[in-house]
Every structure is written in C-alpha cells, then in structure tokens.
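These are the structures, in structure tokens.
Both complexes below contain chain A, partnered by chain B and then by chain C.
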Partner chain A sequence: MESSRNIKVALVGDTQVGKTSISTRFIYNRFDFTPVSTTGGQYKKKIIFVNQNQVQINIWDTAGQERFRALSELYYRSASAIILVYDVTRMETFLNLKYWIGELRAKGDKNAVIVMVGNKIDAAERVVSKAQAAQLAAEEKVFYKEASALSGESVCEIFNLIVEQVQIMQNPTEEVVSVKIQEQKDKKWFACC
Partner chain B sequence: MYRRLKNFSDDVNQEDVYKHFIGMDLRDFFDVLTTTDLHPTLRLVAYLRAFGILDKADPSRWAFNLHTSQQNYKTLLETQYYQCRSVRFQNMDPLQPQEDGPFQKRHRLIQLEKQIQLDINRLFSNEEFFSNLDNRANIHLLTTLWSHINNDIYKQGIHEIVALCYQLAVNGVQANFLQHRQDSELFHLTHFTRASVMHLAFDLSTSIMSFVYPLYSDDQKMSQRMNQIQNQLLLKLDQPLNERINQLNLESVYLIRWLRLLFCREVRVEHVPRMWDFIVFSFEKTGSVDYLDYMVVSFYQQKRDELMRGDYNMVMKMFSGSLLGDIGIEGIQNVCLGALRLMGVGKQEETKTQIILKNTQKTKNSTINYWLSQQIKQGLKLNQSGNTEEGNQMITEVAELLEVLVPENETAFLDVLRSSGYESGIGKGRALEIVTQCLSKHKGWSE
Partner chain C sequence: MCVLSIFSASKMDLQSQFECIIQQLQQSYTPEQLNLLRKLAINQGVPHKLRSLCWKLFLQLPEIDVDQYVQLVHRGPCEFADKIQKDTHRTFTNNLLFTEQVNESSLIRVLNATIWFRECRYVQGMNVIAGVLLYVLDEPEAFFALQSVINRTASYLKPGIAGTSNGCKIVDKLLQRLDPELSNKFKQQKLSANLYAFPEIMTFQASKPPLDKVLRYWDAFLAGGFGLNILVVVFALIRNREVLIMTENVNETLKMEEEHVDVEGLFEVLKEKCKDLTEDEIEEIEKHFA
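The block that comes next holds the complex of A and B.
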C-alpha cells in the first residue's frame, strides 16, 4: 500500500452511476454534461494539504462494465481506498453492490478502505433509501456516504473520509489529524477546495 | 493514378478514375489505403472489399454481393430482432423459467437494449453527427442486433466501433458520385443509397468485430497482450523507451482503451477514418490484429520526448486524455506508417511500381523507354496470340508506370509505342486500337 503522502483510490461501480463525474467534480470542480463512457481506465490526480503536509490523491476511474473481470485486478491492485458507486435512482446498481464488494474483497488489497457512495441524490426519482443503503454498509462493514456529482454536494466529504481512514490504517498508533477538504459554495454549486 | 485518387473529389471524370481504381491489381488496390486519403465512397468500397463483403477478385459480382448483403440484413433484423422483441400471445406461461423461451429471450433483448442505450447516450456527445437522434437510434439498433445475434454479448466500446462504421457507411453513400446508372461496371454503385446504410454499416461492423472481439472477450489474453507490448515488443524495438516506461512504473490500463477502440479516442474523430485505413489494410494483409501492437509502439514513439522527460503524473495525465488529439492528419499518417515500418510491412512488400521506381532511379530515360517498349511489345504479342487478358494487363501496367515515371506520359507513351515497332501501317493501327481499348479503362488517358 502507498504511504499517506500518495494515496491510490479506485472508483468502481455499474455503468453510468457517475464514477467519472465524481472524480471530475473532485479534481476540477466541474460537472461534464457531455461525458463519454469510460473504456479501460482513466487516471487523475489531486494534491491536497493535510496539516501542512502534501498528500497526492491518485484516482483510477474504471469502466463500469469491467465487473467480475480479470482486468479489474489492474485497477484494484495496490489501491489504498475504493469508492464503490451506485445510482440512487437505479435499484439494480444498488443490488449489484454485493457482487462488487465480493469482487473487491477477492481481488483488492485486504486493508483497502471501501466507501460505498450513493450518487445523484439531487435527482427527484430516488428509489434507493438511505436506510437500505446504511443497512447494507453495516452488514458488509464498509463506509457509506451519499453525494451529488452534479451539485458537488458531499463529494469532498468522501475524500476527507478516505484520507482520514488511510491515515488510521497506515499509522494506527499515531494521533490522526482530522482532514477537512473544504467545500466552498460558488454561485451555483458546492465546490471542492 | 495516385495523384488522381488523391484529388478525386475535384476530378471531372470521377467515374473513369473509379473504374480504374477498382480494376487495379489487388495488391496495388489495397496499398492505396496507405498512400492516399481516399474519397469516402472509395474508402467504403475498399473496406468492403478488404473484408470480403465485396468479392475481392471480381468486381462484376459486387452488385450481387450488395444485394445479398441487404437481403441478409433484412432477414436478420426480422427474424432475430423484431420477432424476438414482439412476442405474440402464446399458450404458455410467461414466467416459466425456460432459458430459450420467447419471453425470456425478449426480456434479455430488452435488458440488452437498455444497457446499450446507457452508452449511446454518451456517444461522442461533442460531435454533431453522433448527437443527431436518428443517427443515435440507428447506431443503437445496429449495436443491439450485433450483440443479440452473438449471444447477447455486449461490452462497452463495441458501440463506438459500430458508430464509426455507421459514419463510414453514411459518408460513403452521401458522397456517391454515380451518374451513369446504366454503365455495367458502375452498376453496383446504385446500391449505395440511404436505404443501404444500415446493412453496409452492419456488415462492416461485423467484419471489424470479428478481428477485434477477442480483445473484448478474453481478459487473460488481453492482459498478456498488454504485457507483451510493454515488456517484449517495446524492448525489442525501442529499448530506452521500454526502460523509461519500466522506470516510471506505468500501469498499462490505458492500453485497453487504445486496443479495443482501435485508437479511435486517441485522435480527433474526423481523423479516425484515415487511421483506420492502415488498420484495415493490415487486417487484409495479415488476417490478424498484430498491427495494433505496433501502433501502440508508434504512439509511444510519437510522444517519446514527453515520456523520456516527464514524470509519472504528467505521463499518466497525457495517457488519460486523447493522446494524439493535437496533431493533424499528416501526423496521424506518419504514426501509422511508422507502425507499418516497425512491423516490417513497408520493407518486405513493396508494390511492383515501387520496386520498378526504385530500380530505375538512376536510369536514363531512353533505357526506361526501351524497357517499356519491350513490355508493350510483349503485351501486344500476347493479345494477338489470344491471351487477351494477360496482354491487356501488361499494356495497362506500362501505362501506369509511365504515369509515375514520366510527367508527360501520353506523349511518352506514343514514343514507346513507336519504338516498339508499331510506328506505321496496319500494325500501328491495330496496336493503337488494342492499346486504346486497354487504356479506356485507365483513368487519365483519353480514347
């Protein structure tokens, strides 16, 4: 696993749940209204400061359809954290989470921090409730967040959580610095950093 | 000829140039894909011929080939898609768990359609052509049909291959230059209409996918292939670059996109057909996807400076975007030619014209003329002794060579004809008649 100065994060989940949009929102603080489907993998990075120390977050964005496939090892290998995304407006993407978690546990780093993220909470047609998702997260012993890549809401919180948890994993005896990647409100949307 | 093919769009005798194009020696015909940025209709014809959708050896069968292709597509669409999608009332339980029952098939097809639609919604959204709703609906149908008849398999990326095949078909049909519909040699072009776009695109997609699908279906092999490219092929062809990539500890994940999509996201969309000319040429030539591996190396070499100087983050950022989105069509051609050279195609398999050109570089014109005159003499002899086809072929080849070797080729040709012993009398008249017949097929020579 990488040191806390350099954190590899893999984004996984079904097709069109918003994996690329979450990474784009976090890295560039924008929402791309004309995205293309991810084929293979994409790499992005962002440098943040935690207690005046520089931390580089390397994000590997994967293709949703690569579920259960041998190539997925390339993405999960040595990832410190995995963001498992589903779409709160599409029940099947939530139901598939169990398979994803099984896959991650089988092929990913055993110590990797897994954060389950319900995306598109800005949408009116929500079908997956918070209670359902929280219950699954508790059963599977993974972290759980809800966010909107469109509005930017809570996107930074996901990465706050990851940086904190990776610190705990890597330095269990040391005092953990609380991480706050700030959310700033601009005219339209929340914004990271 | 190459010059006229290059300027085909502006040529006043397009039909004649086309006739000569399709009458070229097969090797020269496919070589054109690497030397010339073809007119969309010619490109479409070349692709269809390369994949055997049009009879490779016999253009006179092309109208029949296209008719058959259309009928097959109609039948497939009716029996495999419409009938499957609209299940009529049947005396059976729709919930019965039969794998191959009509309701289960319909359910699988609808799920497949939904899955494909998610990707079609995001297909080259910045391109006007692909944002058009009719085009999207057609691409969706073609992708669904292809996937459905292949056991409902679908992987992200297949829709982009289909989309680009569809665009090639639309452009080829829209640019159809046919004027003389009664001309038997051109009759097949009457099939290049709006009504033919779907079956042409479908056949093209199916042919390309037959080469590319193993890159989608077998992940283990795909992984091995990626490793082989980075660690064996690159080492063999460019050791310093291989060492640098190992030093940077680069993940090869981006190669999945490069290979599966035939590099279509790595260049501007309008340059994809030119790049695919080389890929189709290599498929036809080798019957394999090996050329793609050399394309990867050539892509690396195009960005050699950045790779050698940049750090991990800079390099990964470069690879995550459109790698050659900033270079023009000339640059793309050079990358593709570079890959051909790396593969050794250019070295080993020069065209007959190229070989002769090379051999005559320091030869006097009079010597060339003498050699050509002997060729034409032999051609005429063959013709007169009953080997019409062989003789005429020989004469046409002389004409082609002259076009390349001598700028004022028409005058030079008559000189050659004179020096071959047909300068006067009945012999000359007969020789001229035969030669004229041959050359009437050859664009650039008036009867």
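The block that comes next holds the complex of A and C.
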C-alpha cells in the first residue's frame, strides 16, 4: 500500500452511475454534460494539502460496463481506497453493490477503505432511500456517503473521509489530522488568476 | 504568406499523388498500384477529401448492397438494442465535429443491423469503430466497412477482454525486447500495458482525441492492418523514452504527453523501426486478432 502522502483511489460501480463525473468534479470542479463512456481505466491526479503537508490523490477511474469487469480488478487491487458508486435513481445499481463488495473483498486489498457513494441526489426521481443504503453500509461495514457530481454537493466530503481513514489505517497510533478539502467555488469567466 | 504557399503546395502534391494512383487503379486494377496507395497512406496520411474513397479501396469493399442493408434495418431493434443505445449516446458525444457529422440514429441503425447480420452479441467497442467509420463513410458503406473491420479484428470484439488483453501483452513483450531499460522502469512502477494502454489498444486510438489524429491513425491501420496499432503504442513510448525514464510518475507523464504525440513523426520512426521486428513477432501480432 502507498503511504498516506500518496493515496491511490479506485472508482468502481455499474455503468452510467457517474464514476467519471465524480472524479471530474473533484479534480477540475466541473461537470461534463456530454460524458463519454470510459473504456478500460483512466488515470487522474490531484494534489491537496493536509495540515500543510502535500498529499497526492491518484484516481483510477474504471469502466463500469460488464465487459470490463475482469479489467477493473487490475485497478482496484492495490488501491488504498475504493469509491463504490451507485445511482440513487436506479435500483439495480444499488442491488449490484453486494456483488461489487464481494469482488472488492475477494480481490482488493483487505485494508482498503471502501466508501459506498449514492450519486445523483440532485435528481427528483430517487428510488434508493437513505435508510436502505445506510443499512447496507452497516451490514457490510463500509462507509457511506451521498453526493451529486452535477451540483458538486458532498463530493469533497468523500475525499475528506478517504484521506482521514487512510491515515488511520496506516498510522493507527498517531493522532489523525482532521481533513478539510475546501469546496472550490466556480471560477468566474473573467477571472484571470 | 510564403510559408503558407509552400504548405499548400506540398498538400496539393500529396493530393495529386493520391489522385494519380486512384485514377490508374480505376482504369486498370493491379495489386501493385493498390500497394503503392497503401504505402502512401501509411507514410503520409490520406487527404480528407479522398479518405472515403481510399478507405473503401483498402477494405476492398465490393459493390455496396444497399438493399441488403435496408432490409436489415427494417428488422428494427435487435435483442441488444438497449445496450446499444446506452453506448451510442456516449460515443464521441463530446466531439463537436463528430456530432455535427454523425447522427446518433445512424449509429444505432448500423449497430442493430450488424447484430442481425452476424447473429452475434453486441459488445462495447463496436460503437467506437462504427462511429469512426460513419464519420468518413455513408451509412450503408459504414455498415459493410464495419463488418470488414470486425472480421479483421475478431478477437477484440468477442465478449470479454481476452483479445485486447493479448494485444496489451504483446506491447509489454515488445517493449521488453526493444527497450529493456524503459520496460524495467514500467515494471518498477507496476505498470503493464493493460493498465496504461488498454483504451487505445481496444479502440485503435479512437479513445484519444482529437478526431483528426484518430483519422490519421486509421488511414494507416486500414491501409496496413490494425496490427500497426500495437507498433504505434510501443514506438510512441520508445520515442518518448528520455522523458519517461527521467520522470517520477510514468503514468502521469503518459497522461500529460498524450495530447502532444506528433503522429507524422511517429510514422517516420515506425517506418524505420519496423525492420527491427522478427518474423515471429509480426506473426504474433497478426494472429492475436483471430
């Protein structure tokens, strides 16, 4: 596993749940309205500062389509944290979480921090309730968050949680520095710096 | 002004070179003439005006049976229609040039007709190939061209990822033999081609915009075979070896350099370095598509 200065995060989950949108929102603070499906895996990084120390977050965004499942494993196998995404407006993507957690437990790093994320909470047609999701997270002993890559709501919180938990996992005796990645405000078009 | 006129003059030359060979081919077809055209396309790329014609010549598409295509379209959505639509709606949609030229409905029709025609499963990846072909060819032509490409790259379009993974393994192996130092650097960082090159191998570079570069690669692949893609991947790394060996994070550097690949320069190198390949290596590349 990498040190907490360098955290490898893999994004997994069914197709079209918004894995790429979550990473795009976190890294560039923007949203693509015309997304292109991910083939294989894509690498992105972002450097953040935690208590004045530099932490590099390396994100591996994987393809969710069934065809690429054998490949996703390569990406999450050595990840310190895994963001398991489902779409709160599509029940089947929630029901598939059990499958994904089984896979992650069998093939991933056993110490990896797993965060289950319900995406698209901005949408009106929610079908997966918070209670339902919280219950599954408790049963499976994974972390749970809800977010919207579209509005940006709670996306940074996912990464705050990850950085904190990876620190705890790697240095159980040290005091953990609370992490606050600042939500970035959208830049104004005339901003020059 | 002067530079511009030289530039357009040389472009004219290339186009007339192509036109001249095509004209001769149309008068009397000889395999030698076609090979000449293939070589020119690999080395120089095809002027966009002549692309449709050249691609059809390279794929040796017989007369297009439009009726056959129309009949297949009349059969309507196939059993994978839902899956197809999920993919078409995310195929090159971030590319304005593409969306202006290619209607999503034609992509949907070509893919459904393909499933009816081949009685096969739909697999992700067909959408990308069909997309590139539709950008250059008319819809019925693109349909028949797609069949030809699927026949040539069959293992990549079977369910699962075995075909593409084998392509990645060949990249690892070639890099190891041709540039052991660079290959070791990749190994130290636990980077196999499966991790860093899977999309470009599976989609024959179509996963890497801009579209004009993709079309330039495809000029070569359709003229000289899709096996060239494996060499494109390997030699692009070797060409950039100084930077890759010095860098701390290979993956990050690959990502950054991705947009700056000088395709023409790459094909220059390829032309020279192809000679270093052994018969066995060439055979392995050819066979992994079966």
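Convention: the second predicted complex is superposed on the first by the 179 of 193 C-alpha atoms of A that agree within 3 Å, B and C clash if a C-alpha of one lies under 4 Å from a C-alpha of the other, contacts with A are read in each partner's own complex, and residues count from 1 in each chain.
We adopt the following convention: contacts are C-beta pairs under 8 Å (C-beta built on N, C-alpha and C of every residue); 3 or more make two chains touch, one makes a residue touch a chain.
What you are looking at is a predicted structure, and each value in this text was computed from that prediction instead of being measured.
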Is A:37 touching anything from chain B or chain C once the two structures are fitted on A? First, second, both or neither. both
With the two complexes superposed on chain A, say which partner A:49 touches: chain B (first), chain C (second), both, or neither. neither
Between chain B (first) and chain C (second), which does A:99 come into contact with in this model arrangement: first, second, both, or neither? neither
Under the stated touch criterion, which partner chain does A:16 make contact with: chain B (first), chain C (second), both, or neither? both
If you stack the two complexes on chain A, which partner ends up touching A:28: first (chain B), second (chain C), both, or neither? neither
Chain A positions touched by chain B in one structure and by chain C in the second: 15-16, 34-45, 58, 65, 70-71, 74-75
Chain B residues touching chain A in their complex are 115, 118-119, 121-126, 155-157, 160, 219-220, 222-223, 251-258, 260-261, 265, 313, 316-317, 319-320
Taking the complex as given, what residues does chain A use to touch chain C? 15-16, 32, 34-45, 58, 65, 67-68, 70-71, 74-75, 78
Footprint of chain B on chain A - complex, ascending: 15-16, 34-45, 56, 58, 60, 63-65, 69-71, 74-75
Of all residues in chain C, which touch chain A in the complex? 86-87, 90-94, 123-125, 128, 159-161, 165, 190, 192, 194-196, 198-199, 202-203, 207, 249, 251-252, 254-255
